[in-house]
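Shared chain: subunit A. Partners: subunit B in the first complex, subunit C in the second.
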Partner chain A sequence: MAGPAIFLIGLFVVVPFLFAIGLSFTDQRLVTPNPTQFVGASNYNQLLGLNLLPLEPERDAAGQIVRDEAGAAKYPAVRSFTRKNPDYPQYDGMREWFSVGVGDTQWVVLARDVVFMTALVNTFIFVLVVAPLQGGLALGLALLINQKLRGINVFRAIYFMPVVVSIVVVSLLWRFIYDGNSGLLNNLLKSLTFGAFPSVEWLGQPETALGAIIVMSVWQAVGFHMVIWLSGLQTISPTLYEAASIEGASKWQVFRYVTWPGLRNTAVLVLVVITMQAFGLFSQIDVMTKGGPLDSTQTIVFQAVQRGYGKQDISGGSTISVILFVLVLSISLIQRWLTREKR
Partner chain B sequence: MSAQVSSNASTSRAPDNHGLRLAVRYLVLVLIAIIFIFPLIFMIMSSLKPDGQLLSDTRSLAAFLPVGDISFDNYVDAFKRAPVLLFVTNSVIVTGVTVVLSLVVCSIAGFAFVFIDWRGRELMLTLLLATLIVPFETIAIPLLLIASKLPWIGAEGLTFGWLNSYQVQIVPFVVDGLTVYLFIQYFKDLPGELIEAARVEGATWWQVYRRIVMPLAGPVVATAAILKFLAMYNQYLWPLMVVQEETYRPVMVGLQYFFQLNRAWGEIMAYLSLITVPVLAFYLVLQRAFIASIASTGVKG
Partner chain C sequence: MASVTLKGIKKSYGVTEVIKGVDLTIADGEFTVFVGPSGCGKSTLLRMIAGLEDISAGTLSIGEQVVNDLPPKDRRIAMVFQSYAIFPHMTVRENVAFGLTIAGAPKEEKDAKVAEAARILQMEHLLDRRPSQLSGGQRQRVAIGRAIVRKPAVFLFDEPLSNLDAALRVDMRMELSKLHADLKATMIYVTHDQVEAMTLADKIVVLNAGIVQQVGSPLELYHQPANLFVAGFIGSPKMNFIEVTAARSEDGRAIVSATDTGPISAPVRTSVSAGQKLTLGIRPHHLALTADGPIAGNVRLIERLGHETIISAALPSGYEIVAALAGDVGLTLGQPVRLAPETSELHLFDASGVAV
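Right, the complex of A and B next:
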């Protein structure tokens, strides 16, 4: 009787998952007349390839470092190493990701795919900010909603409301809120500061775009985790609270020694779920910024879709999928290990 | 004696203090509520205003009020700009069919996992739970390749490739680990004696499922239906990749239309309201069930 379910989940989850791994070692495209070929780890190398290039400052005939008027040393162009330089085949085709100066030497980190590296970093920032922020705010809201007050259910219903609205709708709506000219946020800040606040194009600047998306994402999803925290709170026995109040415990002590230990399993669940969702960051990006400005909102899934669907490069997209899965899996294992029951 | 007096004084002041604290509590609750609700109110109000007024209203609280030139013109224009009705129909078909099929197939699977002994059950259960940690985003790209090759028997006979169809939006989402898991958890708590008694009296598994188990499964059916409904109606990434033809396009992907030529914010807001307000209304009516369904994914997890 479980046959149909097993068949469907096999065909649409297990098989694609195995395909992702298999295809990541090929040059499969969505539509192609050529036979698919095994290409080894070259897809991974194309995405993750990194190299270190130590740049020595240029020296004149006497061996002195050439400096400009400001005293800054002059370095040879990175390009001269990465563009068909027969002496440095290992750097060929790579681009500068970032560089660090140590003494006179400039250490340049080269990447095969700088955009993908940026996407990795952005996704990590997103996850590292959203997980504690959203989890913490959701817990705060849950504690607030867990009070016995008349009409509290109305507030619970309102806080949860954005969860049932599609993230696509929310993203469009917030594009308007973040707009540089007639955006609600700018107008609000202006009226709060009596016009002193300069208009900001929140999604149009590399410094603010990812932050703006983080705030919106938390706004949309925090109610979801509030409800999960709430159900955790309601599993804590009231007798524990009674005992604490008889002992004269302060509010903080009650939270620290009764509430928090009782929420342990919930905490693990909330953290794992938020992390998994955050790694999948795509819709907000696609609707609001398309990865821009200047790749400041590129993410792993956005890259996967751009390749796998946009460029019909199934193997490249699959490779990114596998990288994503390995990341999600290892992070959840680390979280589980860090939050394990200490005996 | 003096201690007695002071304690009396403090109790007489207590209600005052209590009233103030209560007011502060409500103030905090209301302020937070405003943060969650204001973009949605703005959306609905803006959908009723002409573009010029919509933009100028953002400078004041008028943005959240139905003031000025209020009409349904934006809705009319939105219908002219894009085949809105078609998109809504598509979404309703895809969501409705998936929810119904999912409830049937997943509940049967949950039943088989809990009540019937069969070879490989433990292994399949492990596999099923393992799929819970595979985010859809990680299988979307290979799934695109598979979907582009699958056979289908329809009105035109045997065809290959599911792109641009209803089935490509429905069939891959009929079964998911979470829904089966919800049924398993629920069925485990049902009294086993009931099922044993029926079996002893010669009922088939099919009869047990239909006559005994499913009539008791109301709460979990509601939970599974709500979760599936939200996931399907709000889907974006997958239909974006597999549906290029208008004929099968769902509402979320249909939004693209409003960003092509000139950007008419009023019409965008009208479209957003049109596809969101029914869901919000549905949510407000079944609020408890919605929240309970999210909560139930947490308690046992």
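Right, the complex of A and C next:
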């Protein structure tokens, strides 16, 4: 019975995945006249390579730090270390990611692939914001609609609706909402503040772009997780609530002592599912920002697709997907361990 | 401690009326049992007293206070549910102390009261376990412990023993009886098991289809059932009912007969007229084998219990009468027997089912 399913899963999931692992150790390109070669871990080095460069301020002959009029110390150019400097072969080809000043020394963090690092950080920010926000909101909605009221099913349907619509369509719609000139959001804020609110190009500025995508993503999938919470809520025996009401528990106490403990397994599920979905952030980026502006919305999967297909760098794309797999797997395991049943 | 008074209590779900006007007074410290067949509204009535269901009409008082509009926590009640309703993620100690935790009681008070309840219920050794590590009887003990800690004026039990096996049920029944004697609190207990009702109750309330059929002590119900329903419901095996016609009545007795039986003299409380159609009720335990009994039939079924023998005998009309005979009686299937009723223990009911 399970035969066909196992075959199909093997064909479309396991085999491609094993391919990806294999390819991540080669220099395979999509179309190339050259034979494929084994390159060891160099793809991983290329993506994840990091180094620390301590920059000492320039000093004059007397050993005093050279300062400009504003009193800021003058540092040598990072480029002088990373461009074919035979004294520092380890920095060769790297770029400055960010730097921190400690005392007079400027510690520069160099990355071999700054864009990928940005993508990693953006993805983590996305996950860290979306997981609690979406999970919490979905729980709130589930608690609200888990009541015996007339027409409550209408609300359930309304909240669930965005889930049914394709994420691509939703992203297109939200592009209009976020539009800088006559977008719905700008118009709304304007009319609420009687014109005082200046128009914002929500998706066009590095400061707001990721936030805008987070808000839209939370809205889109919150209904899905609401339904999961709802099913969890309905497994809690009504007599437990009755017992709590006889003991005189307040609404909050009922939640704390009856509802929340009863939702423990659901919470683990919701958390793991949201985390995995959030790590896969791609469609919204592809439709709304293409990773911009200034790489402020780069994500891991977007990078994988861009390299694998955009730049025809199959081995690079494969490497990113293997890294993503390891990340998601280890985070899921950590979550499982943290939320395990304590005896 | 408090009495409970129900005046004209009704409950409807939409158009269906489930409780059709109940008037009842439960005295302070009394152990009252609601019995009745499944779906007759016992739980609904109890839940209205608890405050878990709205009261559609009538007034409910606990003590001197009308509590119709009070939330459950202010009614000075505690309730024990059939499904235990103990919190699965809490230890026994936390479960028992739940009400105190909710009220923000200090730890010493909690410990003292939990220890007290655990002593009464002999479950000190269970306090640090979780419900999943307890047997059914132990879980129900925890639920009772949680009720005791509240020091309620009225304990409410909704079929607390029906998830337990037979032997444990007997044990717990005795413990509940003891608990009532110790605490001297008013207790209202719902069951559909008439043995529980008979053994536990000071007062039994028999319900059928949302109407109180009879209120009285267990023996009153057994010896003087007010109507056919109560007569048939209380007592095991069930009372036999034979359609009879009254011949005459004299000195508080009526002589009745049927196609199946010879003339039988039965006590009447009111009066019957000659020729009136009646139903004669005979408890199986009030039948004995005699050579010249007025009831003749053939043995169809024999159940030997050792201390008694239950037989079923087919009368000429085809009605099968059940008799519980003392001791081990040597009978064989198909054998003709004659049975004589104990004439002081007979019951007559008129066509509407009311005892006469």
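The rule we apply is simple: the second predicted complex is superposed on the first by the 341 of 343 C-alpha atoms of A that agree within 3 Å, B and C clash if a C-alpha of one lies under 4 Å from a C-alpha of the other, contacts with A are read in each partner's own complex, and residues count from 1 in each chain.
Keep in mind that, in the parts below, a residue touches a chain if its C-beta (ideal position, glycine included) is under 8 Å from a C-beta of that chain, and two chains touch if they have at least 3 such contacts.
Model, not experiment: these values are computed from the prediction.
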Subunit C versus subunit B on the shared subunit A, clash or fit after superposition: fit
Contacts of A:L50 with subunit B and subunit C, given as first, second, both or neither: neither
First, second, both or neither for A:F279, with subunit B first and subunit C second: first
First (subunit B), second (subunit C), both or neither touched by A:Q253: second
Subunit C, subunit A and subunit B - angle at the middle CA centre, rounded to the nearest 10 degrees: 60
Partner chain in contact with A:V66 - subunit B first, subunit C second, else both or neither: neither
Subunit B versus subunit C as contact partner of A:F12, first or second or both or neither: first
Which superposed partner A:E242 touches (first subunit B, second subunit C, both, neither): second
Which of subunit B and subunit C A:R264 touches, first, second, both or neither: second
Superposition-derived comparison: subunit B or subunit C, residues of subunit A touched: B
First (subunit B), second (subunit C), both or neither touched by A:V164: first
Gap in Å between nearest CA atoms once subunit C and subunit B share a frame through chain A: 6
Subunit A - residues contacting subunit C, complex: 237, 239-240, 242-250, 253, 257-258, 261-262, 264
Touching residues on subunit A, where the partner in the complex is subunit B: 1-2, 4-6, 8-9, 11-17, 19-20, 23, 28, 30-31, 141, 144, 147, 149, 152-153, 155-170, 172-174, 176-177, 182-184, 187, 191, 219, 223-224, 227-228, 230-232, 235, 266, 269-270, 276-277, 279-280, 282-283, 286-287, 301, 304-305, 307-309, 314, 317-318, 320-322, 324-325, 328-329, 332
Of subunit C, residues touching subunit A in the complex: 50-52, 71-74, 77-79, 81, 83, 85-90, 98-99, 101-103, 146, 150
Residue ranges of subunit B touching subunit A (in the complex, touch as defined): 22, 25-26, 28-29, 32-33, 35-37, 39-40, 42-43, 46, 55-56, 58-59, 63, 105-106, 108-109, 111-113, 116, 118, 121, 124, 127-128, 131, 133-146, 148, 171-177, 180, 205, 209, 230, 233-234, 236-237, 240-241, 252, 255, 265, 268, 272, 275-276, 279-280, 283-284, 287, 290-291, 294-299, 301
